[in-house]
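Listed below are the structures to be examined.
Next come two complexes built around subunit A: one with subunit B, the other with subunit C.
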Partner chain A sequence: MQIDLRTVAIKPLRNTFDHLVERFGDKPASRYQEGSYNIQQESIFHYRPAWDADNVLFDKKRTKIQMKDWYALKDPRQYYYGSYTITRARQQDAAESSFEMIEDRGLAELVPADLKQMALDVLVPMRHVEWGGNMGNSYITAYGYGTVITQPCLYHAMDHLGVAQYLTRIGLVLDGPEALDTAKEAWMSGAMWQPMRRHVENLLVLQDWFEIFVAQNLVLEGLLNPMLYDYLDAEFSAKGATAISMMTRFMAEWSAETAKWVDAQIKVAAAESAENKAQLSAWVTQYRAETLDALAPIAKRSFGDKADELLADLTSEFNARCAKLGLAV
Partner chain B sequence: MSTVFIAFQTNEDTRPIVESILADNPGSVLDEQPAMVKINAEGSLVIKRESIEERIGRDFDLQELQINLITISGHLDEDDDTFTLSWKN
Partner chain C sequence: MDMKANKKKLGLKEKYAHMTRGLDWETTYQPKEKVFPQATFEGIKVHDWDKWEDPFRLTMDAYWKYQAEKERKLYAVLDAFAQNNGHLGLTDARYLSAVKLFLTGISPLEYVAHRGFAAAGRNFPGVGPRVACLMQSIDEVRHAQTQIHALSNYNKFYEGFHAGATHQIERVWYLSVPKSFFDDAFSAGPFEWMIAIGFSFEYVLTNLLFVPFMSGAAYNGDMATVTFGFSAQSDEARHMTLGLECIKFMLEQDPDNLPIVQKWIDKWAWRGIRVLSLVATMMDYMLPKRVMSWKEAWEIYFEQNGGALFNDLAKYGIKVPECITQCTVDKEHISHQIWLTLCTHGHAMALHTWLPNADEMDWLSAKYPNTFDKYYRPRFEKLQELADKGERFYANTLPMLCQVCQIPMLFTEPDDPTKICYRESEYQGEKYHTCSDGCKHIFDDEPEKYIQAWLPVHQVYMGNCWPEGTDPTVEGFNPLAKYLEWCHIEDGKDNCDYEGSSDQANFAAWRGVATQNV
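Then we have the complex of A and B:
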């Protein structure tokens, strides 16, 4: 008996969901598109929230920034739940193995005492700053408009908690549980931390979600992360505290990655209209000054005499970055 | 001139790859078959890492092509940034 095999090509009747056909046409969509585009709820809301009767539940008016199409603020990393968790899990594994090696070989004991103290004084209290970053980005997720921006903000909020946990572990590895109490004490009443604490607390009470995005994700992180994970990290490595660099490895990678995402948002929002550009530039100018004031004592502790010079370098790098994004600052 | 071609499995991973190949090689022709996409081109066909990265939003190693690769024809010239098929002689 002879059997002939025949291939039958079955053409799908539809390639994707209707809400994506509206935007991209009837072609297969990526997972990122499926989970991000045209799914912001726009109508058929329940009654207006009693705590904010002027706005509907998801309202475009909650920020001064206006966009014709909020979906223009897309994430260049194309993170949706799956790709985000896979990426972070991989980074977590790498970080975990660094910590394991440091603990197994007792590398923390080889860190020179002055650098160990520096890490305990500067890095560990930073966990409270990260918590502020978590709150700010969670606020954006709750009150922002447009799934393509609120989604990565939630991821960013979770990343801040992750960073806070790594900073906590640095304290545990270098010293022990007391390190966390000491850091909390420094955060609450140490003179060096009060300007930063004031700044972080001021960001907690902002109402305009895009303002938080600029103040937190662009300005504060744009100045703080390079200072800690670039300049200070280089100091640690150069002076024989490679173990600390190994423990901040995730933060260095993460801040470079998220800066690209933040840049893409600001660039698109600024290019949208002259009003947006003026508003964003005004926010940057305002928060840059406040952030630099807050960073000054921390930079002084970290870099001593070189602190002013370093802050000037950081500021000029930051200004160049903003200029590239089309802001006038 | 002879034709070079490359064929991939049709799936979520190869869609952006196929898209970037078609964009980078204006003369190339897409041949969709059940569960397979074949791209034919006259003379040569180039795959650029940069254009794939642009579409998928992450770093891409050209060796990842091999996961979904079915077959190729042509002489292969491969480096970190490009994957080129051609008939040189």
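Then we have the complex of A and C:
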């Protein structure tokens, strides 16, 4: 028997799941909402974790930041797995054609030698900084509270891995596998990189997941990404190293996009209470100083005499951003 | 064009190695123990993380590309399913009990897997396993979400889905079986997590979990489930490889790891097999159109395939877990014993139950010639007699649960299928009950862990499972009704027998309209 099911109009019994009706009212829910809200278990757990016996598996006490409703920290991009991968796939497609064009036509050979060296010295070792960003954000995904913030942190962690791999490719295109060894050596023992490596290692031992979010996603990325992908990139384009600009376009777009997400989190958390605002501001003040120290020698290599002025500009832009988010820094 | 550009083209494997290896470093400003605080407390010794063979060799750009392609296809099918009233293509709406069990019992585990693999992906001191675990972590959030998205359409038309994927797993008595399994694994350390979830669950038992659900779905016209199931297959292949790679890595790193790994394999095999008894029940009783019996599935996917796996691991000194011998007895009993319990507690279930009809009982007789007619048919017939008189039997208490697997104490002695199996352990002056030698063994090995179990039935009787503000002293107080309310089980709609349910009536009416439209 053939049944033409399409011709039947059936009135649904309900629009969506109970918890979404409770939260957003009785109307159809988006895929972001269905896939993110309340899918983390909340209060009943069987066994204390062997690795953190003072807390339960998902515990609100793993940070000093407190929220009445952790689901207030939503992602303005509304990324769930599907929309996230589809967005990144589009961006990687563009990046891939840039790399292909550069590789096929040997465009890297046209990059002036001093700028090529600059990219090898400054950009390639950054792959290790990105790896640190991956670790911090996977920590938040594991131990944070509430899917609307833990989920994008995993996407962010994977993005960091992706960026580390694009930076690796830049090294391979400009020089070859040796570039990676040289960069690693510089990272491990070159004077220019030690303050940054110390800073990244210090972030690896933080335990408060929201503190990691602030130190890594807001402060370190808030100062580092504009320096690399706005200011240094402008130097590359202006001086004929278009190929390098092409290879960092993904990162430029990505850091602008993710900064908006980070801002939304900080803004909501700061507006929640005076305590949150004070704590977030204190963290920003502390990590801004540490990040600027770590950036100083890298800025010097990148911008020479203009380094101090540039860091001052970056800092005032960053401070303005923080002020807009409601922080006192 | 410069020749150097061409000369530099690297092979895929080599390129992948550069892309991932070497990203990490030996920290010097912070001690290793602080950066990786969970790396050693379980006693597993690793000497060289670089010996880890990357099983996937997927760079992020390739990952985004492949996965996005899969997502585009998946959501196109789901949209079409919703638009075309795909749910009317089911064999029968009672099939949806299996799907309700999946959404409330399995999807939340996908989510916990996502968090647990993120933790593993942070905690191993080697870059290879970390990247592999993170890729599994992001895959698992995909699984949780695609399942919710696929099944959300059923929620619009049928009862029993409305509480969503997670609310009930913390509350409903039979869902603490799968929940406690994952809580147990996540609350252990990263290495045990890999044996529990990466190896036992994803490698040894996954076929017994997903094949029955997915083929059950295909046989019963559930294209929504089939779609996410197929789409997840290539992810699962990666996860299986990771699980196996991980166990081999641990065994190859140090001989001292063998007894620890063996103990975990024994524990997690039994834990997993107990969880699978719910799947057994689903296969034998909840599918209007059956695929194969649980016994057959067990023989193919465990006895044959699992046997080959353990042969392969024998070279490391790994032995087949002892508890497996009991499974050859159990495979003929467990599904019947559980369904009898679920049917007689159907008023406290978040899905519909029903008594097998005459045809179905004949099928069960044929599939279980040694046990069904002898032990179980008479009990179902007795229940049917009562139901025919309008006195469908529901027990007025909830069953006592095993302290370890949290399944009601309903399984029988290995050598006497008429006698319920009870095992007892004592710890700090208290007595604890388990359902089997396997569970008792697990309890006795880590009593300090298992005494913490939050047994839902126990908690109900202690008065901890009511909505906020409930006053149990009011006249006519009905504790079961309040428990159901707390669980978001709508009494009279979500629970009890499928026969006479609104799901049955609606499905018949909608199908009727659809049929007349031809």
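Convention: the second predicted complex is superposed on the first by the 320 of 329 C-alpha atoms of A that agree within 3 Å, B and C clash if a C-alpha of one lies under 4 Å from a C-alpha of the other, contacts with A are read in each partner's own complex, and residues count from 1 in each chain.
Criterion: a contact is a pair of C-beta atoms (placed from the backbone, for glycine too) under 8 Å apart; a residue touches a chain by one contact, two chains touch by 3 or more.
All of these numbers come straight from a predicted model, not from anything done at the bench.
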**OP:** Look at A:31 in the shared chain and tell me whether it touches subunit B only, subunit C only, both, or neither; answer first, second, both or neither.
**Re:** both
**OP:** Name the contact category of A:8: first (subunit B only), second (subunit C only), both, or neither.
**Re:** both
Original post:
So, A:77: does it touch subunit B (first), subunit C (second), both, or neither?
Top reply: first
Original post:
Regarding the shared-chain residue A:184, is it in contact with subunit B (first), subunit C (second), both, or neither?
Top reply: second
Subject >> Residue contacts with subunit A in the superposition, subunit B compared against subunit C >> reply: C
Original post:
Which residues of subunit A are in contact with subunit B in one complex and with subunit C in the other?
Top reply: 7-8, 10, 31
**OP:** Over in the complex, which subunit A residues touch subunit C? Could you list them?
**Re:** 1-8, 10, 12-20, 29, 31, 34-35, 38-51, 57-58, 80-82, 85-86, 88-90, 92-93, 95-96, 103-106, 108-109, 127-128, 130-131, 134-135, 138-139, 141-143, 147, 150-151, 154-155, 157-159, 161-162, 164-166, 168-169, 172-173, 176-177, 180, 184, 187-188, 197-198, 201-202, 204-205
**OP:** Spell out the residues on subunit C that touch subunit A in their complex, using ranges where they run on.
**Re:** 1-2, 4-5, 8-10, 15, 18-20, 22-25, 27-30, 34-35, 37-38, 41, 59-61, 63-65, 67-69, 71-72, 74-75, 83-86, 88-89, 108, 111-112, 114-116, 118-119, 121-122, 127, 130-131, 134, 137-138, 141-142, 144-146, 148-149, 152, 155-159, 161-167, 169-171, 176, 179-180, 183-184, 186-189, 449-450, 452-454, 488, 506, 510-511, 513-515, 517-518
**OP:** Using the touch rule from the top, collect the residues of subunit A that touch subunit B in their complex.
**Re:** 7-10, 28, 30-32, 75-78, 83, 87
Subject >> Sites on subunit B touched by subunit A in the complex >> reply: 12, 15-16, 33-34, 56-58
